[in-house]
Amino acid sequence: MSVTTGVDGPPKVAFFNNPKVRSIGVQAILIAVILFFAWQMIQNTLANLERANIASGWGFLNTTAGFDLSFTLIPYSESSTYGRAITVGVLNTILVAFCGIITATIIGFLAGVMRLSKNWLVAKVAEIYIEVMRNVPLLVQMFIWYKVVLAALPSPREAWSIGGTVFLSNRGITIPKFIWGDNAWMIAVAVVAAIVGIVVLKKWAHKRQEATGEQFPVFLTSLGILFGLPLLTYFALGAPVEFEFPEQGNFNLRGGVGLVPEFAALYFALSVYTAAFIAEIVRSGILAVNKGQTEASYALGLRPNPALRLVVIPQAMRVIIPPLASQYLNLTKNSSLAVAIGFPELVAAGGTVMNQSGQAVEIIAIWMAVYLTISLLTSAFMNWFNSRMKLVER
Amino acid sequence: MKRTLLSLALGTAVSLAGITAASAGTLDDVKAKGFIQCGVSQGLIGFSNPDDKNNWTGLDVDFCRAVAGAVFGDGEKVKFTPLSAKERFTALQSGEIDILSRNTTWTMGRDTSLGLVFAGVTYYDGQGFMVKKSLGVDSALKLDGASVCTQTGTTTELNLADYFRANNMKYEVVAFEKADEVIAAYDSGRCDVFTTDQSGLYAERLKLKNPDENVVLPEIISKEPLGPVVRQGDDAWFNVVKWTYFALLNAEEAGITAANAGDMMANSTDPGIRRLLGVEGDFGKNIGLENNWAANAIKAVGNYGEMFDRNVGPDTNLKISRGVNALWKDGGIQYAPPVR
Amino acid sequence: MSDIHSQRNLAYVRTEQAPAMPAPLTVSGPIGWMRENLFPTPINALMSLIFGALLLYVIWITLDWAVFKAVWSGEDRSACIGDGAHGACWAMARAKFGQWMYGFYPFAERWRVDVVGIVGLLALVPMMMPSLPYKKLNGIFLLGIYPILTLILLTGGNFDIGMSTWLTVGAFVAAVVIPILLLGFVAKIIQPTHALMASGAIVGGVALLLIIMSIDFGLPYVETSKWGGLLLTLVVAITGIVASLPIGILLALGRRSSMPVVKLFSVAFIELWRGVPLITVLFMASVVLPLFLPPGTSFDKLLRALIGVALFSSAYMAEVVRGGLQAIPKGQTEAAQALGLTYWQNIGLITLPQALKLVIPGIVNTFIGLFKDTVLVGIIGLYDLLLIVQAANTDQKWVAPQTHSTGFFFAAAVFWIFCFGMSRYSMFMERQLDTGHKS
């Protein structure tokens, strides 16, 4: 009864072998190191900025820019501010990323399915396309696309036109400009109403099919509603929209709304490059679905197309979505290479501002913040989509 | 000699620990390390580009060699850092380079708000336009509605906006990162007009498929004085750079060349020449160099005229005439204060 | 019943023999193959024709430009202007070839690059062939000796290692070794003799390394700003590849750690780097980093780019490795713990080997991405392969209309060869390491 080191107390371990103490110690050291470096960095930056007489702060955003940009979604002129120039860049980045993601997905799915085609030549062409695109730097491809786009299109004086309304030349595509009259907002309302209608229709059709087994031609009806309703509104209101048609000017087409070829080159290059990666993801996704699934659906009497659409792809999607999300992020970030072919997206517009104002630290901070925001938002959306697809799993 | 790759990796750790190198003024630093770090363009024909023998050539490059000659008596004691337009000012501000000789336009904004100072004008340039002959345009004032190709992040872009706004004309600008892409886009018909500094127009013409089908318009829409830049508040170094430039001009005026500089030092009786070459007076000592600093600079690259002719003059592919860059006595505006 | 039956006209009952079918079409030989694989159905035949024509057209315009209309020899730009201006200017590529491979590396010293390349190949090729022995020795050479050899040969060695360097490195080593020794002695978990030998080996190794670095081999110094072309591209890519794997593994482990600070740090680090384009990272390294450093310090430009590229790709690598770690069943870790293995033993011997094998394709894809991304270092003025082929267009002697395209074509071909080779090798390794556990 006198043994002091009894079995009833906790086992005696040296304090530094206690996992809890260790983990706290490691974390404390990590925090200390990070804080030390951060403090050093801030100190040095402040000292350097002061020593070099460089002005810092965000005031420059209100300064007049003095340069023009070739493609803007919002009104912009050389007397606008630096801040507005950067906003133009952000919007252009979002535009090209959005368009690129949609096209890359379509091409990627096609190429991925093509590579699995039984037609030898089709499969080979898809393979060559994928292997060439994936193994050549995007920057090089971008230059080549730009050359191809410019070489293929005619000069503005010999522009191809469709009935004098839409013009295509090496200055880009020019379409008539809409001049909205009174009540024109009703058309926008009609578009929204059409979309809501389609969603409701789809739900109803689904329910009906579950209940009665009868199918309803949802796609064609939706198409009809989407175009029919706004058109109906347009004529019902007495055609409140006028068009400003582009016409031949001295050098360029005057009037109308244009889309510059730099955008086209960037958009092609990004879509086609990313699509090659998406194609591989799609292929591996489809291959990951057990062959028995296809055979079972054939046995149930499904034809190859519905079998692919209703049985294989939904299952493949679960494998496809996570890597697809990172490809979308890559595409968005790769749009920053546009600076090389003269499309004023965020890095190009910001770079010009950096050059003219000398505010390097601020501009780079803006770049990083914007890309991070876009990336995190895209990730969040894809995670949500992913979890929705997962619900299919029972 | 310091071996940067490793010693700097370790050096960062050292300096983070609180030991910071005291910066004593660029001239002393340069003398201590034994070479000049010179920021140049990543490639501009006639001004700075590497040739196939790995040597840097061009007017901007030669100016740095002249400064190295003045400081060390050896024009090869210079190292070149190729810089993009975006990096150039921060590279100088942060001390990565000692002198920026990269076809940089002297403007008030750059001279006053970036912590930098321009030391002279080694090349007087001006912005011009090039168009296709087939367009039938003979004046820049007839360019209303045209598409213009230009390089981004330069004064060119700003001048262009100013010019078209002042003349109430509309235009579409297409701005590229590199001169190569600008001229390629112009050549493939993306733009009606190509604009850059006149020297650049001559240089870029060499890249065109059919140079004779293009014409340079008579208007010059801006002043583009290009020159070397140093850090503000470092007067000793500023003086060295500034006076090296003046010495090259004075040498041309006095007829001193790389070939005859040694001979002139020994035999010339002209007091102006004797002062410039350091035979008389202590002008070199007063700016912290040897007395024969100017002679060394001239021996390294020749006088201003030789430097000009070798890199951009009529005998090169560029074929640029002296124009405003001639000496004041030949009708140009290159003018140097006397050594006295 | 039978009435009804007999009234029916039994149309579906065959009364005469079916006509003989024609003999089957050939299924062997080229024609049979084509019928089977190119023209099985009308739609397939149409697709075959369209894609065949497309393929032929692309091949034709490429060959026409790169071979038939190309200029193969000449002394300067005059060969590639005028009539020669419609095809590739290979005369220029011949004159510039050395520069494209070595950059501005001095002519007299180029043998050093050759030695580094040949030794690297000789060590790497047996390493990559699974059937050859001495993998361990070779690995030690490649990861331990070869980098030092490369550093000394490429720069020239003879580093200026002064008192301050000795002190700094000494302090770092002491800061790592002494606490471990002390703790070890107090806890009595390591034997004094072992501990002394181990720390002696560390100190000796570091000292030896520093001494080798400072030996003057009589090699002239070649500063990093003279490196360029394929040499620089490979240096950036290989350093990035070698550095990103260990950092990526550490980050992946950190992201799965139970320590909140470590986890938060890893997540923040990975998401920050993955969320921004490399181009902005490099801008930061070249423009902003000098402002972060104490006044008066400068930092080798190549080293800055290397750090940027390595950190950027290690964030991607971390996500790839994390995918592999997640795929390992928890039972493996639990079994390791039950056997009394420590955390690092478990990671090093059980989890990582399985995880890494699973994600080889992902790792190689990251390598390929990194290799292609090296072209961006040109933006901060390092003369990588892409920038140096463009530099040909600013040389008065060679500037011509096709100079630009010829250089791009060359660079694209070189990149394609390297990347395609890597991806094929990864497929090969995947088959080699497939132990049959995958379905």
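Labels A, B and C are assigned to the chains in the order they are written; within every chain, residues are numbered from 1.
Note that contacts are C-beta pairs under 8 Å (C-beta built on N, C-alpha and C of every residue); 3 or more make two chains touch, one makes a residue touch a chain.
This structure is a prediction, so every number in the text was calculated from the model and none was measured.
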Distance-maximising chain from chain C - centres being C-alpha averages: B
Pair joined by the larger number of C-beta contacts - A-B, B-C: B-C
Computed distance of Cα centres, chain C from chain A, in Å: 26
Rounded Å distance between chain A and chain B, as computed from the means of their C-alpha atoms: 42
CA centroid of chain B to CA centroid of chain C, Å: 39
For chain C, residues that touch 2 or more chains besides their own: 283, 287-288, 290-291, 293-295
Shared-contact residues (touching 2 or more other chains) in chain B: 16, 86, 90, 94, 178, 184
Numbers and ranges of chain A residues touching at least 2 other chains: 40, 48, 143, 147, 339, 360
In the complex with chain A, residue positions of chain B that touch it: 16, 85-86, 89-90, 93-94, 110, 113-115, 135, 142-147, 152-154, 157-158, 160-162, 165, 171-178, 181, 184-185, 188-190, 192, 231-233
Residue ranges of chain C in contact with chain B within the complex: 77, 85, 95-96, 99, 104-107, 151, 155, 158-161, 164-165, 168-169, 172, 213, 221, 223-226, 283, 286-288, 290-291, 293-303, 379-381, 383, 387, 390-391, 393-401, 403-404
Chain C to chain A touching residues, read off their complex: 37-38, 40, 44, 47-48, 51-52, 54-55, 183, 186-187, 258-262, 265, 271-272, 274-280, 283-284, 287-288, 290-295, 319, 368, 372-373, 375-376, 386, 405, 408, 411-412, 415-416, 419-420, 423
Chain B to chain C touching residues, read off their complex: 1-17, 19-23, 42-46, 49-52, 54, 79-84, 86-87, 90-91, 94-96, 178-180, 184, 187, 206-209, 316-318
Complex contact set, residues of chain A against chain C: 14, 16-17, 23, 26-27, 30-31, 34, 40-41, 44-45, 47-49, 51, 118-122, 125, 128, 131-132, 134-140, 143-144, 147, 326, 329, 333-334, 336-337, 339, 347, 360-361, 364, 367-368, 371-372, 375-376
